[in-house]
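Data first, discussion second: the structure below is written as structure tokens.
Per-chain residue numbering starts at 1, and chain names A, B, C, D, E and F are given in the order in which the chains are listed.
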Amino acid sequence: MAKKKDELSLITDTPEEGFEVAVQLARKGVTTTQPDKDVLFMLRDVYSKDPDALIASSHVIAVHYQTVAEANNYWRE
Amino acid sequence: MAKKKDELSLITDTPEEGFEVAVQLARKGVTTTQPDKDVLFMLRDVYSKDPDALIASSHVIAVHYQTVAEANNYWRE
Amino acid sequence: MAKKKDELSLITDTPEEGFEVAVQLARKGVTTTQPDKDVLFMLRDVYSKDPDALIASSHVIAVHYQTVAEANNYWRE
Amino acid sequence: MAKKKDELSLITDTPEEGFEVAVQLARKGVTTTQPDKDVLFMLRDVYSKDPDALIASSHVIAVHYQTVAEANNYWRE
Amino acid sequence: MAKKKDELSLITDTPEEGFEVAVQLARKGVTTTQPDKDVLFMLRDVYSKDPDALIASSHVIAVHYQTVAEANNYWRE
Amino acid sequence: MAKKKDELSLITDTPEEGFEVAVQLARKGVTTTQPDKDVLFMLRDVYSKDPDALIASSHVIAVHYQTVAEANNYWRE
């Protein structure tokens, strides 16, 4: 499954790799709204210690994981 | 896939372009409720520095990305 | 696609019109819970300046847009 | 489509009736957790004037409407 | 549809029974995170009088109901 | 269904085991954002006594359970 570096793809070999794509998509959603790296690093320091923000992040990953899992036909075989 | 300028379409060539459509749809949901550009710019300045709002924005993008990805049959080939 | 005025339909000609239906459905969910127009106008004035409420509104529209897009087979052709 | 009174059914004749079922399901989720009618009426008085709660209610209805719409094959014909 | 007592199953005879499974699943998600029954009872006393928590609970039930309804092919016949 | 230890799989034998995978995925979403075990344990102590956080956690599990249930064709037979 050759692809150009940095090119986004929903198709992965395993459920584990699919999860990484979901995480990547969740972060992409954040960086699209706030592209400033310095601000992002500061904010991440804050929300990574806030239970509510951690659960909310996990939620966004879950939504993207639905998409990625469906794209891969749930890695059924 | 010729289309008129500014015409909304869910069909894109790549997962990356599909993500841009999801972002566009999330913003469209906001501008529909608050069409005043000045208010929007002021609000964006606030929420782009608020971790909770950033995660919530990423969540809305994720929901739209499900729609766009499904529309494109997950760009499977 | 003739239909009686004010009759709710999920089927639209374009993705753009489908988005309007999603917005309409999101509002219908609010007016069902709070039918008093005066209260609604007052509340709208408040939440249209609240970033969190705007993002939450955009989220509800996104959920309905999934439904409308699926109903229209994503306007694939 | 004869059915016993009070019997829950996801199948409806129109998108409008389907929306009513979605509202009914959202309320059923609340009354299941808080069955006391007096408490519920008091709470409804509070949240029907709270923009955030109204939008959150509309969100729950939207999720159920996805289910009802799918059950009815989106009332496509 | 014989099954062992306490065995989780998504398949039910009616939409009403399916709703009960959705409620059961929502609670299971809570007890998995906080297994202490005393703490749970205390918390339930709090959130059953909090409109926001009631709506959030109804939301979780709605998500599970999507799953259960799909599992039962929406009890279409 | 032999698989390597620790290897993530969405396919399970029963709805009950599927629920455990959903819980595992929800936690994985949290640990991905905050990998420090000490911080996580401290935060878990806080949010396991917070009704809102418990309901939010149950919500994330519900989203993943949709994915897992679909992957297993709802354990229909």
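Note that in this section a residue touches a chain if its C-beta (ideal position, glycine included) is under 8 Å from a C-beta of that chain, and two chains touch if they have at least 3 such contacts.
Every value quoted in this text rests on a predicted model; they were computed, and no experiment measured them.
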| item | value |
| --- | --- |
| Other chains in touch with both chain A and chain B | none |
| Chains in simultaneous contact with chain A and chain F | none |
| Turn needed to bring chain A onto chain D - CA fit, degrees, nearest 5 | 180 |
| Euclidean distance of C-alpha centroids - chain C vs chain F, Å | 32 |
| Centre distance in Å when chain B and chain C are each reduced to the mean of their C-alpha atoms | 16 |
| Multi-partner residues of chain E (at least 2 other chains) | 47, 52, 56-57, 59, 63, 66, 70 |
| Chain-level touch network, classified as line, ring, star, complete or other | ring |
| In the complex, chain D residues that touch chain E | 7-11, 25-30, 32-34, 39, 43-44, 46-47, 50, 52-53, 56-57, 59-60, 63-64, 66-67, 70-71 |
| Footprint of chain A on chain B - complex, ascending | 14-16, 19, 23, 47-49, 51-52, 54-59, 61-63, 65-66, 69-70, 74-76 |
